[in-house]
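Okay, structure first, notes after.
Just so it is clear, A, B, C, D, E and F label the chains in written order, and each chain counts residues from 1 on its own.
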Amino acid sequence: MTAYDKLRTVSTATAATAMFKRGFRNQFIQNVHPLSANQPVLVGPAFTLRYIPAREDLNPLSVFQDRAHPQRKAVEECPPGAVFVIDSRKNPRAASAGSILVTRLMKRGVAGIVTDGGFRDSPEIAQLAMPAYHQRPSAPTNLTLHQALDINVPIGCGDVAVWPGDVVVGDGEGVVVIPASIADEIADEALEMTAFEDFVTEKVNEGRSILGLYPPTDERSRDDFAAWRKARGR
Amino acid sequence: MTAYDKLRTVSTATAATAMFKRGFRNQFIQNVHPLSANQPVLVGPAFTLRYIPAREDLNPLSVFQDRAHPQRKAVEECPPGAVFVIDSRKNPRAASAGSILVTRLMKRGVAGIVTDGGFRDSPEIAQLAMPAYHQRPSAPTNLTLHQALDINVPIGCGDVAVWPGDVVVGDGEGVVVIPASIADEIADEALEMTAFEDFVTEKVNEGRSILGLYPPTDERSRDDFAAWRKARGR
Amino acid sequence: MTAYDKLRTVSTATAATAMFKRGFRNQFIQNVHPLSANQPVLVGPAFTLRYIPAREDLNPLSVFQDRAHPQRKAVEECPPGAVFVIDSRKNPRAASAGSILVTRLMKRGVAGIVTDGGFRDSPEIAQLAMPAYHQRPSAPTNLTLHQALDINVPIGCGDVAVWPGDVVVGDGEGVVVIPASIADEIADEALEMTAFEDFVTEKVNEGRSILGLYPPTDERSRDDFAAWRKARGR
Amino acid sequence: MTAYDKLRTVSTATAATAMFKRGFRNQFIQNVHPLSANQPVLVGPAFTLRYIPAREDLNPLSVFQDRAHPQRKAVEECPPGAVFVIDSRKNPRAASAGSILVTRLMKRGVAGIVTDGGFRDSPEIAQLAMPAYHQRPSAPTNLTLHQALDINVPIGCGDVAVWPGDVVVGDGEGVVVIPASIADEIADEALEMTAFEDFVTEKVNEGRSILGLYPPTDERSRDDFAAWRKARGR
Amino acid sequence: MTAYDKLRTVSTATAATAMFKRGFRNQFIQNVHPLSANQPVLVGPAFTLRYIPAREDLNPLSVFQDRAHPQRKAVEECPPGAVFVIDSRKNPRAASAGSILVTRLMKRGVAGIVTDGGFRDSPEIAQLAMPAYHQRPSAPTNLTLHQALDINVPIGCGDVAVWPGDVVVGDGEGVVVIPASIADEIADEALEMTAFEDFVTEKVNEGRSILGLYPPTDERSRDDFAAWRKARGR
Amino acid sequence: MTAYDKLRTVSTATAATAMFKRGFRNQFIQNVHPLSANQPVLVGPAFTLRYIPAREDLNPLSVFQDRAHPQRKAVEECPPGAVFVIDSRKNPRAASAGSILVTRLMKRGVAGIVTDGGFRDSPEIAQLAMPAYHQRPSAPTNLTLHQALDINVPIGCGDVAVWPGDVVVGDGEGVVVIPASIADEIADEALEMTAFEDFVTEKVNEGRSILGLYPPTDERSRDDFAAWRKARGR
């Protein structure tokens, strides 16, 4: 079971706590939401795109006729399995991308897409099989306010540092960024924590108090958990 | 029919207007949303928890090993039927609570939970049978930014004063706080208003103009309403 | 096929790009959302209502007994087919309108309603067959913070200038305002663009790269599009 | 001594409290600051200008060649002694006006100028003998984001309703708007309150406790104040 | 030389860095400014006042006739030498306090006052000999939006946790809060750091590069600093 | 007279209008203020520094021991005469730089410094002879929230695109960025416009109406201006 496989089974909340234990307090991308409640879980290494504010003379529609335009180039270069993360400076007043580019990413096997701005064609993107996260829908073309500049450099996204290769994990709650150097240990610990949380949830649903159980300061809680794991093979 | 029973049948909008008539202009908790469109109506007395900003030395994960930690203590002490209201200083950048604590509250018979911050494990909370309201999902553990301090003291939540025992009413729109001293009269008046609004809605759906009907400045409107009430036994 | 018919088949994103080409960069109403994911498409000429901040002495509940109150008057005067657009100064802390007025508008044949504030009775409005857009739900009566003042004057809504008669187009993403003077040409161009975007989406779904296709800098793309149009009669 | 004379001797804080006693809770223009610490006190009736968002085709620089352009017309029509109040929708990203127009207003005998946006040429305006208030400096011409539309209609400014003829009072703290109908009584009461506050300040500077003094629940405080007034002829 | 004496000679920036070294990243009160550029340095233990949102029925002007009203009581009880810190929930739309109360605090020997809201009578407070910090001026009486509730409990102020007895340090830049438990060591280290920063500033003004000097990775820098200290007796 | 010489005599407002005429609507750095009212005018080519959000493991204080740390390196490499512009993502909650680095820049002959965040040691920086602009003072070390990453790449600063070599102009109002390609023509036109504005200001101060004068639609205005220029040799 790879780190990615493990991370596909844990929540962003659990991963955030595992990182908090190691002194990482700011790895949850703020104010970014899944476009669809039903979209699959997101796991993959970050591939980034950096936007700066658009300037009118540099951003007519004709720029897209250049095959080397960074937005289009990035869409064609993002590796399959990677997560396309855009630094839109938290500005959703013009789009970060639209459904055609997002569909192309999906067809190329990209794992998902995240912007701290907004997508256009958001109802269409919400129907795609690929997970997507943004702040809010935004119809205006990206050229209105954003100029694509750099591909796969370190960026900020929703107040979080995103370095190329960091592991991006998304669920129905939002997105966390796991520094590449600790991805394995976070995956391991989060997997363990998830087993414990599942156990606790079961017990709480049976009516048990959280005192002594969560965290398991009572010996009984630890014993019960050990038995529970054994019984379930986890 | 108790005040609570009556309030279960009226909307937060109607209750807000009944309070506006008495000079209460600021009883709607701002920017707080139901986690699920299908959650039941929320009515109950406020039981509060106050957070202040977390300080790193006081908020390692180990604090939860203390059974007297205010967050955990509050979860075990909140009376059945009460509404657990958290003052998170409108900060959703770290969680106010997660699904295990919310499940425990539900199992203990608590009526619902409201924070002006955000919940973690929000997709799981959205599946629970207990109504929950927050600003937006937030994966980071509450220790990242919040320190639980006081149980059942007057607080602010979403710019509204919440005094322990105030009656909290929530629906698909949001949450209003009814001062305990006027809960009975608001329940009575809102019940009456709801009957009238139902009547008006019916008439408007039949094609009638709102002029003279809403408010009923025409005598005909008042007569029709009287007949309507009689016919429906309301 | 009228301009309105055409606009009913294009997205706000496409219309925004057509306007961007003509130098209109700010026609998307910011931070305004459909109340229901299933509501029909919105197209119609703007009919406006202007609010200013409420003053306590001028806004008791009794003002609604005046049949000439601008909010009520506007609801009865908005022409069938028009879009009722409210300037709430982007303030959702009190309602712009509630379900009874919105139902009346619907019964009168109005095409839809947009506010840059919030609606009360929002769950009921979400069930109506008429499209509605706002910032977020808001239970308090509009008198709490808004005073209706002017009917059908130029306003701002979500940072966009809305002149009476401008063409308002809304979809699942949000709302754009098309200046009346260019509505016909935008409708024409957006219709053309939509055909091309549908073609591109089909090709991308078949696995083609966006380079040379979107925009169609390759001759092959242009040829394929010509064939596609012919085959589909678009 | 006219109401205006009286208001020239009281603070905005005192006037705000006199209004609060009468149920007016929202008459302080929020987030508006004097351009100069040394500017004179501001008192006069409101003369208003309403802006809406600018649209590119309607706001080239050439619009100013029209003598009937509302911004220029308003500057020439504002009565001497009045206060020029601009509704800039709290948007300081482009200017509300610049030093030439403000100088013209000053030369015409206008009492002062207030915008909830920003002024350009703000260092020059700060040197003028006329009081001016804004949110923050803003170099871009107003045409960039603002279109002047209506002259002397009711507006919002900094979240306050401003009706033409309301009495605007400004000091080093900011600006309050006194509804015309109560200006006389507010002037009277604020004058009285100011005498009392001056007395209290003197006593507090002599070392007296505020308890029993402010408010004067002790008989001694009331006696001392009576004597103080007599001695000072206030 | 006491810790307080030392802290009177260091900047908030230096104290913030000394705390950063110990893992305290969030001790600078955000968005709070000195009322006067000339006010003295502020050092003293925190004495706190907690506000919650005001409710209309509980906050008529007559509440101040009660000598036990927490705001007035706190003003009379704050110990000489302490710093009066108010949790106004970062809301400057109504005042936290006015010049009479602040003057009383000054006369009682209190070291200074800080709110994350705003003061009324701010021009008068700016003239007092006691340092004061707020977000922005605010004329409306505190009863408009704030209800004083608790005296000397832990609070949040400008997103910082403030525990009674924490050491508050303010200069022309703003205010930092030093946890009581580390105040001595921070005072010591900040004093040392200040000596070094003074040395570096002198060298930089003489034209030296910061490389190798700041931090002193070059041996020469360390030698020069040792000589500098000796020469100046620091 | 070089373009820089010319730009030293014009205001940011005038330069903004000259750019507006050419379709540049967004060249004023938003929400950035001079640290001192007395600082000299700022003119020079942009030299940029890009920050991303800091991550705890990458930003201990020890990073500054590396001479290649981008913040320190940039300070030593910024050319004399250039303007040091920092992309702090509009986040003033930790510092962009402090007085030692700014002093070093000044000693190296740099023309000035601009950040859309905040400076620490701001009272000291305000005393320097070099112009500096920021959002608000900020004591925490930059490592708390900012990681210096790139030197002299295109960035965003206060919502404006800043490309290396663009001409940065600052006065008492704020800062505009002039694209390098149009710097000469903007300098020429702004110089002309300034002459006209000086003429208009003089006439307005003499009591003339702005109608027909500003803009000079009356022939008399144009004649008077011609005479004025001749008389003054401008």
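Heads up, the rule we're going with is that a contact is a pair of C-beta atoms (placed from the backbone, for glycine too) under 8 Å apart; a residue touches a chain by one contact, two chains touch by 3 or more.
Just so you know, these numbers come straight off a predicted model, no measurement behind them.
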Steps needed, at minimum, to go from chain A to chain E via contacts: 2
Mutual neighbours - chains that touch chain C and chain F alike: A, D
E-F or A-F, whichever has more C-beta pairs in contact: E-F
Fraction-based call for chain E against chain B, same above half, different below: same
Counterpart interface for B-E, drawn from A-F, E-F or D-F and sharing over half of its contact pairs: A-F
Chain of greatest Cα-centre distance to chain E: C
Distance between chain centroids, defined by C-alpha means - chain B, chain C (Å): 31
Chain A-chain D separation of Cα centroids, rounded to whole Å: 49
Approximate Å spacing (C-alpha centroids) for the pair chain B, chain D: 39
Chain centre separation in whole Å, for chain D relative to chain C (CA means): 37
Two or more partner chains touched - positions in chain E: 25
Every chain pair meeting the contact rule: A-B, A-C, A-F, B-C, B-E, C-D, D-E, D-F, E-F
Touching residues on chain B, where the partner in the complex is chain A: 61, 64-65, 67, 72, 75-76, 93, 95, 98-101, 103-104, 107, 120-123, 136-141, 143-144
Complex interface listing, chain B residues touching chain E: 23-26, 52-58, 89, 91, 147, 149-150, 153-156, 159-161, 179, 181
Chain B residues within the chain C interface of the complex: 11-13, 15-17, 20-21, 25, 27-28, 30-31, 33, 171-174, 176, 197, 200-201, 204-205, 207, 209-212, 214-215, 217
